[in-house]
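In what comes next, chain A is part of two complexes: it sits with chain B in the first one and with chain C in the second one.
For the complex of A and B:
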């Protein structure tokens, strides 16, 4: 069991802890912020699994995932600006 | 091997930063406090883990994609933090008490 698997398992617990705020957030901005953190951690988990097991197509998934997360978060933050959401 | 040790230290540091940020998403009580925790972690913690991983892989086609992810992560984390903070500040909820407002609010 290499060190990359240990880091991946710790980061999976980090995803579970911060997805509490995605489901239970008081405002929609907390949900958006927590979803951004979850997306970055999931990208790092994909990269760690790809390096450890040698499956190269996981790295392509990670690169496209972080690009699409940025575009989605910016679009959500643009449309939520000035709203009254709880 | 010294470069293996440096890689291990960097990856453990980044894991600790990301785990503390996810604890802070539960423990902090305001949107701006959570923004403070998450914005550091998504640039700094991800950068530390990926730099440690980059020392371990060497110079292959995998490291090129890791460099691409590092570049994009460092480039986009401040933009995301600024956009979410601006959207939360301009919303009609309860505002924080602030002296100088540069978004041209109603005085």
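For the complex of A and C:
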């Protein structure tokens, strides 16, 4: 068991702790922010798993995951702001 | 052996800052301070994780020359880092702008310059 798996397990616990803010957040912006943090930490877990197992396509999944999360965050913030999608 | 010391130092800094981001997400009182903690700490942690991966893949490529997938790994990690460096502050800016526009106040703030500027 290498140190990368230990760090991945610590980061999975961080994701589980921050999912408290997703479910119990006072405002909807807290939930959106917690989802953003979860996406970044999951990207780091993908990178660590890719380095440890040597499977290179996990890195592509990490990059596309963070870019799609960005699109979702921007679209959701624009919707909550009351903006239009022109 | 100095390489692995540097590697472990980078990994520990990265995990420490990600954990600080999660603790800040729990402990801070309103959405703006939570935004501050979560976004900055995770960006900093990701930078150090990328440094660790670059050091590791450079070490492995130095001792196993000709195996190009280590260079491939380092380049893809730099791509992920650039994606995070561009998208994470932009997303935080969008969330803060939406929250301020809807009317959520900073909890302990005594003066709100942006509201005065928009009222003009």
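Some points to look at:
Criterion: the second predicted complex is superposed on the first by the 81 of 86 C-alpha atoms of A that agree within 3 Å, B and C clash if a C-alpha of one lies under 4 Å from a C-alpha of the other, contacts with A are read in each partner's own complex, and residues count from 1 in each chain.
Heads up, the rule we're going with is that a residue touches a chain if its C-beta (ideal position, glycine included) is under 8 Å from a C-beta of that chain, and two chains touch if they have at least 3 such contacts.
Keep in mind that what you see is a predicted model, and the values were worked out from it rather than measured.
Residue contacts after overlaying the shared chain place A:78 against chain B and chain C alike.
In the superposition on chain A, A:18 makes contact with both chain B and chain C.
In the superposition on chain A, the residues of chain A touched by chain B in one structure and by chain C in the other are 3, 7, 10-11, 14, 17-18, 20-21, 27, 29-30, 32-34, 36-37, 40-41, 43-44, 47-48, 50-51, 56, 59-60, 62-63, 66-67, 70, 73-74, 77-78, 80-82. Taken in their complex, chain A has these residues touching chain C: 3, 7, 10-11, 14, 17-18, 20-21, 27, 29-30, 32-34, 36-37, 40-41, 43-44, 47-48, 50-51, 54, 56, 59-60, 62-63, 66-67, 69-70, 73-74, 77-78, 80-82. Of all the residues in chain A, the ones that touch chain B in their complex are 3-4, 7, 10-11, 13-15, 17-18, 20-21, 27, 29-30, 32-34, 36-37, 40-41, 43-44, 47-48, 50-51, 56, 59-60, 62-63, 66-67, 70, 73-74, 77-78, 80-86.
Contacts from chain B toward chain A in the complex involve residues 8, 11-12, 15, 18-19, 21-23, 25-26, 31, 34-35, 38, 41-42, 46, 49-50, 53, 56-57, 61-62, 65-66, 68-69, 72-73, 76-77, 79-80, 83-84, 86-88, 90-93.
Across the complex, chain A is touched by residues 8, 11, 14-15, 18-19, 21-22, 25-26, 31, 34-35, 38-39, 42-43, 45-46, 49-50, 53, 56-57, 69, 72-73, 76-77, 79-80, 83-84, 86-88, 90-92, 94-95, 97-99, 101-102, 104 of chain C.
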